[in-house]
């Protein structure tokens, strides 16, 4: 996993008994205590994020400012205690502090304290929204691992194809943006190449805000070509990823079945008892095999 | 099915003969009378919805207000009678009244009556559009069951993957929205986090209304990243669902092969010579089997 | 094919020798003369459509009005002659006149004549753009038949699933549109239900013109849900059609191969000479089979 | 490859020893020197493009104009030297000069010189962005060839289907655009047919800038139909390309099976017992074969 996201083993279990118990609760999500702890933390994160969101609405801030402020402090203290508990429950504190989640954990409490001591840093207070990222830690542990992993693997396997695709999109966007900068010019809103590239991205991705639009005939022609490219091109990453997902589904089931012990034939149904090819009995009752293997992965 | 959408068996057939006849017409859509009843109800729903739509156009309302009003009352009375007939034709009235379709049936007539007695509730009159939902009841009974079911099954089987995907989208949208709230601020239209999240959703889904757009360079850069993420990410649910649909089509064909002549087992491979279940030779040569089975189902 | 698009056989060959020759040139696109005729007609259609397009631009119309007008008359006369020639070269003139392409052929010349005699019908002159539809006739005859047909078949096979899907989209759009009409009201641009449904369609299809946008918080929330539905739902028709296309590719190759004459086994490679299962020679040399069958359809 | 993109063989190796060495460095990217040269050129291209982009921003141009100008001249001279070196290192200079990349190489230095001698051509200076295209040359040589090629092959194989699809889209867009020109007219922004077609393209591709929008009810109805067509139609190119990609992945696995021990033929089915080509028994039992072949390639 590397040092950015160290495993529980890399973080290490501490020696002291109370710190060991803390480790069990915080890091071992298979245990009942760990599971309960995870659920409470997710709830706390969601509520505290909801407070940040609601607090940003001026009318709410004026009316319920005090309650929101108190709740904010409550959660800041809870997360601070959690941070200290995490520090106490690992053997190698520095590894935790400089890991991805260690930094996120710190960033999700720091702004509230800073806003007290340095009122001018108040603009940073919304950094607290990064608390959301902490939920991803729970994802690693939840029932959704298999789904999460399959999506991840399919994306990882398509990585190189997606990179080739993205670099081609990047070039199209840069060239189209520059073309429109030359053709339309600052008078029509294409004030510089970065802005034109921003426009090209809104066009190729079919977002089309319409805050900047081509006015000349040539510009509109180039824009039309960009749109058709962007619209049709979407088929490419979809095709890459879908072929990957389809193949993954086809790959797995056969691996769940043993070949025929007398003729070696494969491809039997999930509950086959006799070989399709030579009629001899299959070594292990395939039915149990299939059972043991569970339902074919999705 | 649960109590929200009870089956006809759970609603029960009443004892009285005339109520039984009513039950046949209203609930048993396989009978000729039931089929005719379904068609008339769908027609009535569509016409009455068309009236609600047309009545909302000011010029039409002024010119044909009286005719529209009369037609509206006609359909309200028809649907009221239907509601009472449904009540009369089931054994357990309460189960029907508190089922999903029971509530929809009531909501599709109530507003017209309420608008008479409490003129101030006139704003609710458009709730009548929910009549449309009643058409879904017919769907359950129609020729399209197989298609409807296959789409439903494929979606249900992808449920967990789609949930993982949606939660990831939710986080991206929340973080991107907050980032733009911090970067652009109320001066550029990002007045609070909910509004910014609304903007992030229009961007990630490539809708791009353009009512709120980033003005600063940093904001436009983050927006560009959001667009590319949203555009490319669409490949993910498509891939999930397509792989599911493709697999479902591949699953079926084997079921078309002739069953084993001695034990009746099915599901043999295209080249099977011996029954998987009992080991006896399959009657017809597999080649002819495949022929006899015709083209695989679509 | 029915009477809307009658086949050449249904239109019939005339008796007179010169009309038979005309029939060969106009309707038999496999002959060299027919092929040449088709090419010239396509060229004439494209040029005449280009003239209609260019003539609509005010500056062009003012500067080159006379040339454009002359060219327009030239093509109108050419297409009139072609129409008369088509009439002369079929046995059953009425069948042709009232067929889909017969009407399109007439509509593509009539407006020019009408504009002379009834100057007030000049607005109809752009109906000439329907000339474009005539190109579809050529499509039927060209090298692209196989591709055209496969796309058509896949769409036709998915017809019922697509219908179920479209009716669901239609309901979502109607309900979402009405909801926003109720929530936002005429003050925010949602002046009546048809307009709101138009807005819901721009939103669900992710077009997002931005000419009408929700202003209230509730409206924005419903809009966000609509966007996510529309964005994610696109996976459904894509999945349906892709699964159909994938299955079609898998279906065909085996059909090109005869089963083994001695054991009936199927699934041999495109150039197999001996049965994979029993080792006996395959009846007809499979290589020639495969050749005769042409490359596997794509 | 043709003369537009001649291969290294077609460009020819020169006779003189120093020119041969140059050829090795510039054209033979497998050698260590060639690999290093490629990397430096890519770096130079990216930095020089970044300078063009940054220089277009007015504030940057004013503040750092001199530095940017100096850097621009540095890269222009580097690329000029590279151009001369390329000329020197091939046998047939004209073939290189008039090849696609020869022209791009010239276009990427010429504007800077022209802007000196003919200040009025300064608008052309941004043509330098075409330098980006030179990176595609490197693509041919890099580690991504396999991915690049597979995407290219799948697109090429779907070529005819995509052409049929694009021509249908082209007609839809032309007819929809003309319809809205007739229905909405210049008063609502649909000033001529080209503009209306531009609008139709923004609508069908779901970009939806919103700079031109229908105002009449009929116009909005036609627009709604266009949107639904465009939204649903996207399934078609996606389906075409995905089916192609999926089939390509399925095609490969058989190639992994062991060839026939007596005639060397390949491509046997997973359960083959006898060689398809010569009828002799396959050496290893098919079951082990499949095992030995490992999981099918991705």
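By letter and in written order, the chains are A, B, C and D; residue numbering begins at 1 in each of them.
FYI, a contact is a pair of C-beta atoms (placed from the backbone, for glycine too) under 8 Å apart; a residue touches a chain by one contact, two chains touch by 3 or more.
Here's who's who by UniProt: A, B, C, D = Ion transporter.
As the structure is a prediction and not an experimental result, all values here were calculated from the model.
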{"item": "Chain copies touching (chain A (Ion transporter), chain B (Ion transporter)) - same or different residues, decided at half shared", "value": "different"}
{"item": "More contacts between chains, B-D or C-D", "value": "C-D"}
{"item": "Repeat of interface A-C, chosen from A-D, B-D or B-C - more than half of residue-number contact pairs shared", "value": "B-D"}
{"item": "Distance from the mean Cα position of chain D (Ion transporter) to that of chain C (Ion transporter), given in whole angstrom", "value": "29"}
{"item": "Whole-Å gap separating chain B (Ion transporter) and chain D (Ion transporter), where each centre is the average of the chain's CA atoms", "value": "41"}
{"item": "Shared interface positions of chain A (Ion transporter), touching two or more other chains", "value": "194, 197, 206-210, 230, 234, 238, 240, 242, 244, 246, 250, 267, 277"}
{"item": "Touching residues on chain B (Ion transporter), where the partner in the complex is chain C (Ion transporter)", "value": "49, 52-53, 56-58, 123, 126-127, 129-130, 132-133, 135-136, 139, 144, 147-148, 150-151, 154-155, 162, 166, 169, 194-195, 197-198, 201-202, 204-211, 230, 234, 237-238, 240-242, 244-246, 248-250, 270-271, 285-288, 290-291, 295-296, 298"}
{"item": "Footprint of chain C (Ion transporter) on chain D (Ion transporter) - complex, ascending", "value": "157-158, 160-161, 163-165, 167, 171, 174-175, 178, 181-182, 191-194, 197, 203, 206-210, 213, 217, 220-221, 223-224, 227-228, 230-232, 234-236, 238-240, 242-244, 246-247, 250, 254, 267-269, 271-279, 281"}
{"item": "In the complex, chain B (Ion transporter) residues that touch chain D (Ion transporter)", "value": "206-210, 238, 242, 246, 271"}
